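The two complexes that follow have subunit A in common; it is paired with subunit B in the first and with subunit C in the second.
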Partner chain A sequence: MTDTLAAKPSPTVTEKPEGYGLRPRRERKGETLVPWVLMTPTLVLLALMTIMPTIYLLRASVRNDTLLNTNGRFVGLANYSNALTDPTFWHSLLITIGFVVVAVALEMLLGMALSLPLAGERLSSTWGTTLLLLPFAITPVVSAMIFKELLNPNYGWVDYYLGQLGLPAHIEWLSHPTTAWIALIGLDVWQWTPFVALILIAGLQSLPGEPREAAAIDGASTWQMFWHVTLPQLKPFIAIALVLRTIQAFKTFDYFKVMTGGGPGDSTEILNLAIYRIALQSFRIGAAAAIAILLLILLSLLVPALLRGVGRNADPEEA
Partner chain B sequence: MATVTAAPVTTPPSVRKGPRAKPLPVIGRIAVWIYLLLCMVPLVFMVATSFKPSGIAKQLPPAWIFKPTFSHYVQVLQGGSGTSVGFDRLLFNSAAVTIGSTLLTIALAVPAAYALSLRAFRPRKGLSSWILSTYMFPPIVAVIPIFIYAGKLGLIDTYPVLIVPYAAFNLPIAVWILRSSILQIPYEIQESAMVDGASRWMVLRKIILPLLTPSIATVAILSAILSWNEFLFALSLTRAAAKTAPVGIQEFTGMFGTDWGNLTAAATIIAAPIVIMTLILRRRIVSGMTFGAVK
Partner chain C sequence: MTDTSISRRGFLGAALALSAAAATGCTPGVKGASSSGASVDANASKPAQLHMLYATAEANSAAVQALLPAFKDKFGIELVMDTQPYDALQQKVFSEFASQSTYYDIVIVDTPWAPALVAQLEPLSQHIGNSALNDMADVDVKDFIPKVFYDTAVYNAGDPIKHFPDEASPADVAAITGAGFDIYGLPLQANAQIMAYRKDLFTDSGELAGFKSKTGKDLAVPKTWDEFVTVSQYFTRPDKKLYGTTVMAGVGDWATDDFKSMLAAYGGQGRLIGDDLSLAFKSPEGTAALQRYVDLINKYKVTPPGSTAASWDEAASLFDSGTTALTMNYHALELDDAVKGEIGYAVVPQEKTRGPHFGTWMLSVNKYGGNRAWAYRAITWLTASQQQLTMTGKQLHPSRTSVYKQVTSAQNKSEAEFYRVLGDSLAVGVGRARLTNYTEVSAAIAKAVNSAATGSAAPDAALNTAADQVRKLLTDAGYKVPG
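And then the complex of A and B:
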């Protein structure tokens, strides 16, 4: 055993073992069958949870089924045209995209601002990452419940301390569209900026130091150093954080359900919440299915970015 | 030599750019720490209120000096706290679903990851990409058909109806983490073992699995966190018997306002295991959540 290991240390020997006779026959037998057998349970389950629902919803979206009566009839593209001519659908779509863009942009900027000072020294890095990990580790529903109580206009700490600082207090945060949005985006930023910052800190700490040293010797200013050296080096990490956060933000459900339930009115009813309400509270499966399919089309535009960003960096075979 | 190289580096920039370049990082550093400390306010509120006697919980200005009480924790853990299903029962359900889905994730992901690492397996690249791409699949889209079929099969409000979808949605991360660690094991070791007569099963058991243990631990913790925190499926597919803690905690907000003591004690109990695990395994968790793209 040890002899064979020691006898063939060079990769050129193992690279072309076709001549050995022993290996090809033995491996070819199981070559196609064994991997497929090992893969099957995973592929079946993933298909069951992604492809099957898609097929089901495609079928449901051209029928007028309800939750109580799944024997509705074929209605063609009526559900789609209803959705696309309904201003509430466009409102939901618009605020969904708005939420994702604003929250993710803030998280990227803040995460970048946090990562630069924290990546440097060992001590501040240790303490800084500990503080970063705390909000990141809280169960999202729990964060939403805690934020809701903190924003309570009668007893909440936020209004009390704003008042102490001489700022407008006794705001009914979740009763007005603007302040409800500030609260929701604030919650998302509070919880997920650390994720971005931790990715960028890991990135900064893995970068080679030479380009920055060379720039320092050439007398680059802090800003020049950041813009022309650090930022280009950090690009792959920024891409990963951006793609993952965008996908996660599109899936957000808990914060909205717990904090506002889509209200006041329908001012914070993002698509996820609209689909949930139409399907499981109004029981209109066909209408919800059409919106779900439209959301799926929107999200699948992100797949190439995901595969490029994550695939290239996480896949050792791509190197 | 040292003085020669040091002179041109320090003198010109430190005279001209030094004063302008330095203060910004200092102010930036202070701002960063202020931000980080401000972010602790919700957590301080949560933990402090959970130990406050009921009478002063909602007092303003917030009471900072008080005799800590464990009564909320006792009340919540004994199930007598106002939720329709006792909170102890909710925690038990959460734990059962988390353990079940984590075991299922590992049982499915290890063989799949091994198959996707075999060089002779041609479609491995396409399949890996497809598995990764299912990460973007929004759970809200899956929940409607699952709700309808689970209803037809009488599975609503059971453990399997949560365990199976949780495992499915954990699979992309699990398979990718495991596959990239298998690919880091030199292929030559596997080959020479097989030349020496080891079967594929023996290679998997004696060589790959022992080297894979740390990654399996990462996968287990990540899928446990994701399952423990999950809300949408638990909300839609359970009523009482299998209801989990994140769904049940909402009931602390009732018609007569919220009992802050019990709510924050329950919130702390839900959050604590994840916070502790995350702090211990910080790097692994961040790395895992990026599918191993960040080391």
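And then the complex of A and C:
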């Protein structure tokens, strides 16, 4: 037995398992085709739906094409230059970023606050979680139309009930920049906080109980357990919710189109409204493509940064 | 044995090629032969169907749909009508023409789109002169309201920004083609901004006495902007949730349209931008018009809360619900049952002159279509006097003078009054500038109107800001703006 054990070389030091060496095993003919054939539908779909439109977008952004003008020509970076030297572009970009930061921050905070009581396995939690689904089951454009009616200063419910509560009841919500932003962010928070909460509830329910039990035995307070145990363990889920919501918030369009049209003045003129107007009403495809690419670059830089920031030490084992 | 393995690069290349083939193959046989309009064969065989792309409520699709059985009886052809709401329709129309699709034989076109689309539409002047193509209905272009016809359908395809120089005379095909223009559709559903008022209030003895007592004048439907302000102030009773008038000062085309009408009334260029690309809205007349508009909201306070966020939908709802005594709109109006009132109509007030905003849809023939002869016959029939008269039963807004003559003598007095006012408004109305990016330009001006209305900028400063933005928008779209 001893001889047998001693004679057996350690596989981890001097030899690698089969198929793990520097020289790959010579594949038999036809063997490589199978995975590619299986991947074909996905790759074709990816090419059709993502790669080709992106290539088209890049090409369009360096041309002065309009939808009906087949005589567009290469204009280099002129479309980008036009956008980047246009004060309205920077105004729209800044308020878009402002909207995303405020709305997503509120949704993360409220989502966390909702998820903690609803994560327990109780009947009331099940009902609460089910009710949470309702707001984001509604089409955003419909939500916006309903909110617009609710906020109507002549017959809307919001002003009416504010009055019933003895609060200022004659607010023209969509006529002033501050109140218009409150209405728009309020709608976004109402619709998307449940989405964040559901991700965090799923995260909370999947966390191991031992660290919290250990902390409780050590005498940690509820706040200490949340801050030092639960929150670090929850970071991967927070990162997912944050990234998804950030991307979604940058794509917001319906609320602004329906409720304010970019007004009052240009105070809520987010970038997507400008892109819509240029691309789908004036059909200046080149100009719109350049702005869309700039937004894409911004998102491409932002998302990894967010993941690095929030995802640091996100592995529960390392927390 | 055949080697069935492929390289990764080869596979990806094949996949991309397949994708490209699939993409281009998505619209098989979509491209049609371009046409100069001269090659239409009047003896072309009759198709089983014609396809028409139409708007929904914006161009009163219900009125046209009601005619479809009669069309089939007359032509022996089924007219298949697809309807889309405004934004979706615009995108559908442009994408159809961008792909040179042959699917739709007839397409409805709104005036803001026409400058970009005119090269895709079948020119009709030769068809109008071809008696063999006019065997189903009398096209009689002289019968169209001249301003409506020229503003809607007459374009110089080589320079679509230009308007026909004489828009007051009855349409004359020879004069049109002689000046380098052509006809690109036949007008239908002519909309104009008109004033509506609560006739029950204006005839109420208590109100008549009250107005006399308060102003020393007889209560009458306002004809001037000064009278409009006086009447609006009289009816403004916030404690009773009654206000003088609506305005549509939210950011959108509606604000631009409100401003257009006032600009024309104050003697300015109601199209906002001249055919020479001069920024006519930035003028003393523009400032005066916008100042008066803003005063209705902030100085005289005769508008309901929320007016600076209102579109034509909200304006119509406010009037319909009895919240205002007056309105200016081209939305269909109908007082709620609870109001128990009656609507009267009048042309919008004047200052130096009047020029209510108008815009008309036209039915055009797809120049890539395969049934152009029958499509032309179809639009002549659909826009003919008799058909338009029939469609007034469904509240169609006609485009022909002869139809107005008949409907204004109708027994229904309210209906007759509406059509008389609409006809009068169309006769003096002012359309839009002909720009391929009119929507962007309109949005910039709407923001200026809204900024002034909300008090965040003075009218003059707001118009200056709009002028800078419009100049850039026009330059970006390839126009050479003077000065």
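A few comments on the model shown:
The rule is short, and it goes like this: the second predicted complex is superposed on the first by the 268 of 319 C-alpha atoms of A that agree within 3 Å, B and C clash if a C-alpha of one lies under 4 Å from a C-alpha of the other, contacts with A are read in each partner's own complex, and residues count from 1 in each chain.
Just so it is clear, a contact is a pair of C-beta atoms (placed from the backbone, for glycine too) under 8 Å apart; a residue touches a chain by one contact, two chains touch by 3 or more.
In this text the structure is predicted, and so the values were computed from the model without any measurement.
Once chain A of one complex is fitted onto chain A of the other, the partner contacts of A:43 extend to both subunit B and subunit C. Of the two partner chains, subunit B is the only one touched by A:54; subunit C is not.
Look at A:76: by the touch rule set out above, it reaches neither subunit B nor subunit C. In the overlay built on the shared chain, the residue A:132 is in contact with subunit B alone; subunit C does not reach it. Of the two partner chains placed around the shared chain by superposition, neither subunit B nor subunit C is touched by A:166. Contacts of A:208 after superposition: neither subunit B nor subunit C is touched.
Within the superposed three-chain model, A:287 lies in touch with subunit C and out of touch with subunit B [touch as defined at top]. By the touch criterion stated above, A:67 is placed in contact with subunit B and with subunit C alike.
When the two complexes are overlaid, the chain among subunit B and subunit C that reaches more residues of subunit A is B. Contact with subunit B, but none with subunit C, is seen for A:251 once the two complexes are overlaid on the shared chain.
Note: residues 27, 30-32, 36, 43, 48, 52, 67, 155, 280 of subunit A belong to the subunit B contact set and to the subunit C contact set alike, using the contact criterion stated above. Those residues of subunit A whose C-beta lies close enough to touch subunit B in the complex are 1, 4-5, 8, 11, 14, 17, 20, 22-23, 26-28, 30-32, 34-36, 38-39, 41-43, 45-46, 48-50, 52-54, 56-57, 60, 67, 70, 110, 113-114, 116-118, 124, 128-143, 145-150, 155, 157, 160, 164, 190, 195, 198-199, 202-203, 206, 216-217, 219, 221-222, 237, 240, 244, 247, 250-251, 253-254, 257-258, 272, 275-276, 279-280, 285, 288-289, 292, 295-296, 299-300, 302-303, 306-307, 309-311, 313-317.
Per the touch definition, subunit A reaches subunit C in the complex via residues 27, 29-33, 36, 40, 43-44, 47-48, 51-52, 64, 66-68, 82, 86, 88, 152-155, 170, 172-177, 180, 260-266, 269, 277-278, 280-284, 287.
Subunit B meets subunit A in the complex at residues 8-9, 12-13, 17, 20-21, 24-25, 28-29, 31-32, 35-37, 39-43, 45-46, 58, 60-62, 108-109, 111-112, 114-116, 118, 120-121, 124-125, 127-129, 131-148, 164-165, 167-169, 171-172, 175-176, 180, 183-184, 187-189, 191-196, 200, 228-229, 231-232, 235-236, 246-247, 249-250, 252-253, 258, 260, 263-264, 267, 270-271, 274-275, 277-279, 282-283, 286-287, 289-295.
On the subunit C side of its complex with subunit A, the touching residues are 1, 3-6, 8, 11-12, 15-16, 18-20, 22-23, 87, 90-91, 94-95, 97-98, 116-117, 119-120, 241, 250-252, 304-309, 311, 314, 318, 321, 323, 436-437, 439-440, 443, 446-447, 450-451, 454, 456-457, 469, 472, 476-478.
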